[in-house]
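Scrolling down, you'll hit the structures one after another.
Shared chain: subunit A. Partners: subunit B in the first complex, subunit C in the second.
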Partner chain A sequence: MSSTVPATSSYWKRNQQRLAPWLFLAPGMIMFSIYVIIPIFESIWISFYDWDGLGPKTWIGVANYVELLDDEAFYTSLKNNILWLVLYLLAVPAGLAVALFLNQTVTGIRLYKSLFFFPFVISQVVVGLIFTWFYAPDFGLLSALIKTVTGESIAILADERYVTLGIIAAGLWPQIAYCMILYLTGLNNINPEQVEAARMDGAKGWSLLWNIVLPQLGPATFIAIVVTVIGALRSFDLVSIMTDGGPYGSSRVLSFYMYEQALSEYGYRMGYGAAIAVVLFMIMMVFITMFIVRMLMQERNA
Partner chain B sequence: MNSFKAALALGYALTVSTAFAGELVVNSDQTDPAPKKAMETLIEGFKAAHPDVTVKWNNFDHEGYKSAIRNFLTADAPDVVSWYSGNRMAPFVKAGLFEDVTDLWTENKLDDQLKSAVKSMEIDGKKWGIPYSYYQWGIYYRKDIFAEQGITPPKTWAELIAACEKIKAAGMTPFAIGTKALWPTGGWFDYLDLRVNGYEFHMDLTAGKVPYTDPKVKAVFEKWGELVKPGYFIENHAAIDWQDAIPQFVQGKAPMYLMGNFAVAAMVDGGLKEDQIGFLQFPEITAGIPMAEDAPTESFHIPSGAKNKEDARKFLAYLATPEAQTKMNEVLGQLPVNNQSAKSNDPFLKAGFEMLANAYALAQFYDRDAPAEMAKAGMEGFQQFMVKPDSVDAILARLEKARGRIYK
Partner chain C sequence: MFPTPVQKAAPWVRHVYTIILPVALIVWLLPLIGVAITSIRPSSDLAAGNYFGMPSRFAGFENYTAVFRDSPIGWYILNSFKVTIPTVIGAVGLACLSGFALAVYKFRANLILFFLFVAGNFIPFQILMVPVRDMTLKAGLYDSISGLVLFHIAFQTGFCTLFMRNFIKSLPFALIESARVEGVSEWRIFRYIVLPLMRPAIAALSVLVFTFIWNDYFWATVLVQGQHAMPVTAGLYSLNGQWIAAWHLVSAGSIVAAMPPVLMFFLMQKHFIAGLTLGATKG
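Coming up: the complex of A and B.
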């Protein structure tokens, strides 16, 4: 490749050291700006318009945001998003528990580990369908169980009180497996000498876990929380597969509501959809900033 | 899943597309077996009549088509597209994406032959496509169960309520329904409104001229409540699709089903014999109001960006002929729009034809008469009402708010 660089270019020679990194960064930066940075600003821009995607755009200022403030469906989605965030984080301790349980040397442990990891490998769409059948009234396993225990049948996905919880439970199944894998790799890297030393000092059970093991799992915990928070905020596929936002919109989350408003058969309100996307982006920004700040601080300390 | 299909369809639209001169590109969404075969019949017939034109047919997945059409109409328009009449085509007409085909109607004297669909194909006094098929809605019921219980098919609301009481007392639930996809609720609202307030009011409402808080709308929900509150609809309907409710009908757990004629095929597939299924017109509620019916119409249109408009017009003219419509609808199991087409021998189509021929007017269905956004909000409200009938005032207030925003 070096032959393609003209040897006579003195500018190139003088600035080679300075330019080379940018050249290497360029493909990534161009892709990143085309697919991430520019669309973010475009979305913000579109959110000030009333636009159906086909006809002319009309500038309406912040009217989309004003409407959002007075939109019941928006608050339902926001509430569900918060519920998702909080409950989805259960995947972290649950994953840790499973990882600790599986972190032993028994015959066939690899098989058990892979079985536990299985739900993460299958597609979210399949997870959604399996759980839809699991919850289905009349023939679903869970509703049959509930019926034998309580004598009443509950259609979880048709009841506004339980529907979001039901979807989150479906989402937790693969997410726990994901966190488990993160912790299992973390547990492999634990310093056995420290554990040994702690045991000699009489640490056992909880105090051993809390004071010796968990601190060493810090990086794994950090990653687990990051992927879980992001997973909770973009919980679109399960909602779409399992309920399509129903019954009467009570299981919507922001990402689904945005899709419904902007892109679904009954929507095509690009401006309003973009406004929802901007709000979701702001919420994500809070977490992203937190993570970045933490990462920078760690790098500085290191 | 829909978005995934849409993406697929979009990818498809980008790869297929462009035609050569003398080639007619037709985009449609007829992937189910019967519609697909009907489409093949239509194309064969057209080829026989116009051997100089080659037809290139791009068949799309039904759900994906709804998004794909927006892309290909603007980007690389085919010559003929399938779509729906009424308010569903309004956005495309308003955006100037559909071709005015009034000339085809006048030339071929279609105003007479396609009379029942004139209103639904017209926007701003011009016609925007050719309708070729429609089907009736009504209450399908189990003839054998009705006979067993000594119930005669109800003709009035009071008789319907009495029949429901009898069915409930016998340990069954009167009506099967699955509202997960929302639209089955639209059929109920349409019929109740058409029977309580009449066609004109229903059209004014779906056109956004009447507030949803109007006492007349409230009256519709009161009638609906008379069925919801005593539990005359199957439980957990919000969790299931319309097909999932068919087993309840087949097993005799719910002997009535308000549906479109396409449901008969599913009922027969489920193991019922045709003579076990009866069809009845939705009973009268307010005496003296002329009976209008729901009959969604299917149609073909020419995009304004079409490259081969001459052959596209030939195609639409052929589609309008009684022969083409007879052949197509025989395969589809639906009713031809052209009133000079041959009549079908199918008992349900016969019943439907008679009902629609005497109908005062035809509504297109709530999600086609009302703009898409309003339809979504409305049907969500209907579903909520069918689960929580007591929140009717909150629902109507919400719909009124949506109306204020959508019809500007």
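Coming up: the complex of A and C.
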């Protein structure tokens, strides 16, 4: 703040507060634009071309999308994605149930909570391998259990009827753990006086949970639903690890089918793959828009 | 407190709870326990059909030695560290800057940019796959650690910025105001006032990003092809193809691959959970 500031510096001094945010933002924004924002538009653009990833691109208009309409495998993937979405949401109430079960103060409860959370920390590749082993016919633990109960042996991952359900169950394992930890934190932060007051008024059990506790867990529920919906639509790792889309493509989901079309032995169909990705992106945008609108309302209220 | 503490409940409820708790844990972790036991089983057990009983002897030492000696898993783990550590530093560093900008300054595009970061963080990876792979190829970074690191830094910046921005918003703004009145430059406000207060957020984010990146499988398969740059997730999958039916080796390999994030979680548990739940407590 000396009086002999050179002209350039005084321009900086005068405009510092206006320029500073852009300088702070520049590195992150440049990286994020190059690798995330711009590629979204590039993908949409590529979806109108026939392209093998190396040679020249040929403009074919909406032909890729027209082809999708008649593609059996696309419908199988879409149907499986819906199944994933619906069943994956069970992780939210299940996580709440586990959290309520563990929300006690007995000795060693901290360790119990961490061990219940364990599946979330492990890579999905490892989860996939664990469950492949768990389901394996003849020597898998679950198959052995089913055999003792029903007398029948079922090869879950080789059976078109059960394969997707089996993979979703594997995915629910870490996802329930995730929702549980969100709810445990939420339960920690609820207002004890309100709960006690409701108890004085004779509320207990379900009605206490439903009318007093759950409304206070609103933020936890919101985050749990967000991460579960995103997780369900992003499912790729488990399908790739456990079945590679099989048997006969019956466990494919859109994310996996896209990868298969664009980058696998079936040929490098980048344009067609991009079209599948655009469809998945549109589905996710519906949810993303809902989340953003809700967050925006909270920002306005804050 | 909800539900009612068991200490206040009838004695039989307390007893039932203390019995159910460990039983529930064992059922919950059954798949994992099975794998852990399999990883110390001698291969002769598997050949003899002893899948669930007590291992006939402790073969953990030889199984784990075999995994490291006969497969490149040690190399894959090294690759995973080489990808994960620079990503954590890069993404958290960039997010400190951009989070500060979005939390402290009022300008017209602020909320739009913020929601761009938030939305970008939720999109499906597949919409980025073709262009990012193409770009990485053209830049000569395909099948290299740096190609993977650059993408991860950029993508994680979205989530990290969301996190940092919300954290800085919760700091007392008066601190920054009074520094401005004193004529402290914006950079020095960031460097000497805000950054020291961000330490818990930096710790939480670092642990979280470490786990995310360590466990990434999709980008490891899209941007890497050969062994020399392959992280342990993709490496383990390719080893699984070689170790057909050698479940004692697959199990040992899985446990090795899972170990670093698990250790990270147990050592930094407080930070980890603070990171995951920041959004949940603050709405």
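Throughout what follows, the second predicted complex is superposed on the first by the 287 of 302 C-alpha atoms of A that agree within 3 Å, B and C clash if a C-alpha of one lies under 4 Å from a C-alpha of the other, contacts with A are read in each partner's own complex, and residues count from 1 in each chain.
Everything that follows uses one rule, which is that a contact is a pair of C-beta atoms (placed from the backbone, for glycine too) under 8 Å apart; a residue touches a chain by one contact, two chains touch by 3 or more.
For clarity, every value in this text was computed on a predicted model and none was experimentally measured.
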Touched partner set for A:241, first subunit B, second subunit C, both or neither: both
Touch check for A:72: first (subunit B), second (subunit C), both, or neither? first
For A:137, decide between first (touching subunit B), second (touching subunit C), both and neither. first
First (subunit B), second (subunit C), both or neither: which does A:53 touch? both
With both complexes overlaid on chain A, does A:263 touch subunit B (first), subunit C (second), both or neither? both
Contact-wise, after the overlay, does A:126 reach subunit B, subunit C, both or neither (first, second, both, neither)? second
Larger residue footprint on subunit A, choosing between subunit B and subunit C, goes to C
First, second, both or neither for A:165, with subunit B first and subunit C second: neither
Contact-wise, after the overlay, does A:255 reach subunit B, subunit C, both or neither (first, second, both, neither)? second
For A:28, select first, second, both or neither according to whether it touches subunit B, subunit C, the two together, or no partner. second
Taking the stated contact definition, name every residue in subunit A that is touched by subunit B in one complex and by subunit C in the other, in rising order. 53, 125, 240-241, 259, 263
Would you mind writing out the residues of subunit A in touch with subunit B in their complex? 52-55, 67, 72, 125, 135-138, 153, 155, 157-158, 160, 240-241, 243-244, 246-249, 259-260, 263-269
Any idea which subunit C residues touch subunit A in the complex? 1-3, 5-7, 17-18, 21, 24-25, 28-32, 34-35, 38, 46, 49, 51-52, 94-95, 97-98, 100-102, 104-105, 107, 110-111, 113, 115-120, 122-135, 150-151, 153-155, 157-158, 161, 180, 183, 185-187, 190, 211, 214-215, 217-218, 221-222, 233-234, 236-237, 240, 247, 250-251, 254, 257-258, 261-262, 264-266, 269, 273, 276-277, 279-283
Spell out the residues on subunit B that touch subunit A in their complex, using ranges where they run on. 1-3, 6, 63, 66-67, 70, 73-74, 91-92, 94-95, 97, 179-182, 235-240, 367, 372-373, 375-376, 380-381, 383-384, 387, 398, 405
Residues on subunit A engaged by subunit C in the complex (per definition of touch): 1, 16-18, 20-22, 24-25, 27-29, 31-32, 34-40, 42-43, 46, 53, 100-101, 103-106, 112, 114-119, 121-126, 129-131, 133-134, 139, 141, 144, 173, 178, 181-182, 185-187, 189-190, 192, 195, 208-209, 212-213, 219-220, 222-224, 226, 230, 233-234, 236-237, 240-241, 254-255, 258-259, 262-263, 270, 273-274, 276-278, 280-281, 284, 287-288, 291-292, 295-296, 298-299
